[in-house]
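Both complexes shown next keep subunit A, but they swap its partner, so subunit B is in the first and subunit C is in the second.
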Partner chain A sequence: MKEVHHKADEHHGAHEKTYKYGMVVDLDKCTGCGACMVACMAENNLSFRKDNSDRLRSNLWMRVYKISNGRPFPDTDISFIPRPCQHCEGEGHHHTPCVSVCPATATDYSHETGIVSQVYTRCFGCRYCMAACPYHVRVFNWWDPTWPKGMEKYLNPDVSVRMRGVVEKCSFCYHRYQRAKNKAYAEGRRELHEDEYQTACTQACPAGAITFGDLKNPEHKVHKLKKSRYAFRLLEKLGTNPKIYYVSTRDWGRKAGEVYAGEEPKGVTHVTHA
Partner chain B sequence: MSTTEEKEQTVAENEQEKGGDEQAAEVAPVKPGTWRFLIPIAAFALGFMSHFSLGWVILPPILYAEKQQPIDFSHKLHVDEVGDCEGCHYFREDGSFSGIPELENCAECHEEAMGEDPEEAKLITEYIEPGKEIPWLIYARQPQCVFFSHAAHVKMGEMDCAICHGPIGDSDHVRPYQYNRLTKYSRDIWGWNIAGLSKNGWAYLKQADNSGEIKIEHAARMKMDDCAECHMEKRGVHEACFVCHK
Partner chain C sequence: MDSASAPFDSALFPEGVKRCKFKWFLFWLAVLHGPLMVGVIAMLMCWGLALHVTYLNNNYPFGLWIAADLGIIALGAGAFFTGFLRYIVNIEELKNIVNYAVVIGVVCYAAAQGILGVDIGQPLRGWFIFWHANVHSMLTEVAFCITCYFMVLCIEYFPLILENRQINKLRFFHGMAHHLHGAMPTIAAVGVFLSFFHQGSLGGVPGVLYGRPFAYREGFLVWPWTFFLFILSAIACGPCFTILVTWITEKCAGKRLVKRNVIDILAKISGRLLVLYLVLKTLDTVYWVAIAGKAGAPLSSFYANQPFGYWVLITELGILGVIPAIILLNAKARQNENILIIACILNCTGIFMNRWIMTVQALAVPVMSFDKFISYRPNWVEYASTLMFVWLGAVVIMLSYRYLPIFPQEKELNPS
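Coming up: the complex of A and B.
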């Protein structure tokens, strides 16, 4: 049995290495096909609405936004931004926005993996987190989940289904991490290989725009990719310290990532849903 | 009854009471009313006892329903034969845990009756011959939102099965499966350990009267606070929710 550590140490896992799982999304490669959204829905037991193209009502953990430079033809240009949960770490006096407001401790930030959790059985649906999240990542279940007839047999047993009245969001396919860890433990090792834990959206992307891995591990691809001079994060000024990096060689595209009320950079006139 | 009669009666009663008081004063010169301090104490004791019995005796059977296992299985007998837990409860190659063995495992030995036990006869006639899986009731089955890795605890943590499951390998009989009527979760995994009663695990292990058979009366070491307590102790951290939840 492992030696007992004291609470005072730090809030990282006492004896285990810590990770910082994150993503680098190359917006130059993203075609906006939406395969990541579909893969996410299938993987995480997302339910269907009567009209799932109604973006106000659909519950999507991974959502692809379309942005444009707003210029007239022939200078017009568009770009797509796939947006999973940003898994904000916070820095300095900034907290993970959703975690700091939750009155039920239904969501927390894991210092072991860097993943923001959501425990559906604890959530009572006050939706403070939705108000706090600057990325509109969280979705609320206004209705009990439904699937087209027969499809409930295809639900993923590793992911619990959510009931009406709770908030849900992307978990970086945490069940895949658990499964990979399980296998690693059985083989007597603690470390995971890069390819053992990959999210569903990463694997589904036909353009290879999404790269997933441990941002702290120099052997993982994301470690190098996030250092690109074209890399940026959404609403970086807020100090949320998100773990999703985007790469775009287009200036206006990078500026779009900084859009926030009061100071909209020139050149972007609208942000629409894909 | 007329009014005059009534008057007469009350007068007579008053006289009687007076007489009674005088007599009491003669026997024991106690100031009237001193015993009254006992009233709140008695009332408290009565209230306490009634609520105590309500909470500990009457409510639990209302809250929990009981089911019997399909077959009265003797772990002791099988452990003696097979040698250890892993013979039937083994790890698969991908690190997942098999849990309850399938009928196939039972049929390896019990294709033909090995003894004369009526429970074994039941196994063969009702399950093995028709090829029907045994609908075991799983005491430790966790709710859908819980992830548990046997590999992490048994292989990495080198924990003994009995730490959570108790000395179930020594039991001769299966205990009834109790489940919460509202949540339908097994009593072993649902709710808090009131007043730390099952804190040290298997205090309820009982030697049944004459036969020397060991019977597990009550087992509960698989509730969330049990998990959290052990993780706090062994890992020294308040775990993130996503360590056990999904």
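Coming up: the complex of A and C.
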């Protein structure tokens, strides 16, 4: 896999340590149960409607896609692709696709963590970032946020709710990073242990398909997993340089990372979205 | 004019011209207010109920509004470009249409800003684009330049108001109009500078989206090729839109308002620029096919999904590009008013289609291999709130035509 130039190193001196948080998702382990989606919604105060079946307008930071090899029984095989924000770093002269286009600086790339954040109080809803993102990770609040009566009492106090008319997206549970940092500082540490900062989807996955950590840190599991010969990233050819790695031992499964070519990749039929 | 039969507001008319009776004027104003009110209701729904009242969705964050915005701004380029030709290139004959080009420009740019105000759904937060400006974003450049240029257009429009027969009797306003006219070359130059930038930046809006191979273009320094193509296409179609609106105004007024030689100059310039645009656009298309192919997206992938088949490319460049260019380059064809108007309609439609393609089709083409093609069509709320600004523009034009001296040749062409 192509090694890319790391912009964060440019922006920070050698004395200032930077991280590159990312994920490795093992598609061979993912059962498509959707626990990651539910955990994400609960953790991040994602609003939903009574009928939330319209996937084109629902607030999903984590979305699980279902693909198939398109072969008839008994050779049929399926795979699920959990897709959070890819937290693209960009490469060469390209910045993160969404960060560079936002006219109000409402989305930002952290050179400390490699996390792409969204500043809800600055977003004025032009939706240019959504047009720029080829992964459809950004969602717009088409309605005022609502929850079933009483459920608002269970909202996460660490995460602000978003008003209608602003764009939102996966933040790698950034509030958990802040909380872990605060705890570490209180204990006189500068560094976090691998298990101190984990995203909600990672912890919720019953199959252990999602691994989260610092991609640069050799002591973190993701550092090793991303080097698997079966690892790939979505739309690598475009140069977005995402931080979500997928692992699939199935050849047809790895074709999911390719750019849409007008037809499904040979031998793959994409059935539906879970 | 016989004072007994003259409309009661005739004292406000420009010197020596006739206008319809006031009751007819009111009647047509009332007629326009019907669809305008529907648009106002649609706009209030967007602001009051949030944008779920539209057919936009997370796959189509841009829809009719953004395409219309880019299209209207391109059509409004007739204002700055006619000003450029009149005051900087110094084509004397264009003084007879430059006023009207300014009125059309004011209408177009006001419409563009109004549509954006509806599109964001929360106009009260619109100022964030200026306060938290991201200098790397093409949209920031667009916002600043459009706002500044709209102010320039208002300054250009202001002397026309001051030249109303009654206002102009006041010495102060007469003097002010005179001085503003004197400053017009400088104001026009500022307008040209701002316009080149925002027309180009609008091209940069889709051109920098490297995550969307359909829209992405390489370019020169920070400007993708679409930056330059949008400028060129805008100045190639802007004069045609000015001709078209002038023709519609003449039909509504039932008389000729601008001499044919003036129209012919604009049409000829438009034709030559359109040819240049088509040549560069064809080169850009060839290069784009190669670049997109390298990124793993063959040309066929862009046109694999109906309704965006190859016919889109053929219609945009052929029917709506080559045909009007041939007509506009041919002196004989230009002399035939019907043929000229057909060419103008084709040219303006072509530019509108180009803006639709660069925004809506750019989002329609799936990028991830497991993406599905999702169709989009605007709903009545989007149509009504967009067209609202067309009706509003018609009202501004009606008022301007009735009370302001927009057409210097009207008196000469229509002796009483």
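Going forward, the second predicted complex is superposed on the first by the 254 of 274 C-alpha atoms of A that agree within 3 Å, B and C clash if a C-alpha of one lies under 4 Å from a C-alpha of the other, contacts with A are read in each partner's own complex, and residues count from 1 in each chain.
In this section, a contact is a pair of C-beta atoms (placed from the backbone, for glycine too) under 8 Å apart; a residue touches a chain by one contact, two chains touch by 3 or more.
Not measured: the values here are computed from a predicted model.
Enquirer: Which chain makes contact with more of the residues of subunit A, subunit B or else subunit C?
Expert: Here the partner covering more residues of subunit A is C.
Enquirer: Name the contact category of A:S171: first (subunit B only), second (subunit C only), both, or neither.
Expert: Only subunit B; A:S171 stays clear of subunit C.
Enquirer: Give one of first, second, both or neither to describe whether A:W143 is in contact with subunit B, with subunit C, with both, or with none.
Expert: second
Enquirer: Going by the contact rule set out at the top, does A:A184 touch subunit B (first), subunit C (second), both, or neither?
Expert: In the superposed model, A:A184 contacts subunit B only, not subunit C.
Enquirer: I'd like to know which partner A:Y197 touches here: subunit B for first, subunit C for second, both or neither.
Expert: After superposition on chain A, A:Y197 lies in contact with neither partner.
Enquirer: Between subunit B (first) and subunit C (second), which, if any, makes contact with A:Y245: first, second, both or neither?
Expert: Neither: A:Y245 stays clear of subunit B and subunit C.
Enquirer: Classify the contacts of A:T113 with the two partner chains as first (subunit B alone), second (subunit C alone), both, or neither.
Expert: A:T113 contacts subunit B only, not subunit C.
Enquirer: Quick check on the output: what are the common subunit A residues between the subunit B footprint and the subunit C footprint?
Expert: Looking at subunit A, the two contact sets intersect at 105-106, 122.
Enquirer: Name, in rising order, each residue of subunit C that touches subunit A in their complex.
Expert: Listed in rising order, the residues of subunit C that touch subunit A are 50-52, 56-59, 61-62, 119-122, 125-126, 128-129, 131-134, 136-140, 143, 205-206, 208-213, 294-298, 300-304, 359, 362-363, 365-372, 374.
Enquirer: Please output the residues of subunit B touching subunit A within their complex, sorted ascending.
Expert: Residue list for subunit B touching subunit A: 91, 93-96, 143-145, 147, 149, 151-152, 155-159, 233-238, 240-243, 245-246.
Enquirer: Per the contact definition, I'd like the list of subunit A residues that touch subunit B in the complex.
Expert: By the definition above, subunit A touches subunit B via 1-2, 4-7, 9, 11-15, 105-113, 115, 117, 119-122, 158-161, 171, 174-175, 178, 181-188, 190.
Enquirer: Within the complex, which stretch of subunit A touches subunit C?
Expert: Within the complex, subunit A touches subunit C at residues 54, 56-57, 65, 67, 81, 94-95, 97, 100-106, 122-128, 130-136, 138-144, 164-166, 234-235, 237-240, 255-265, 268, 270, 273.
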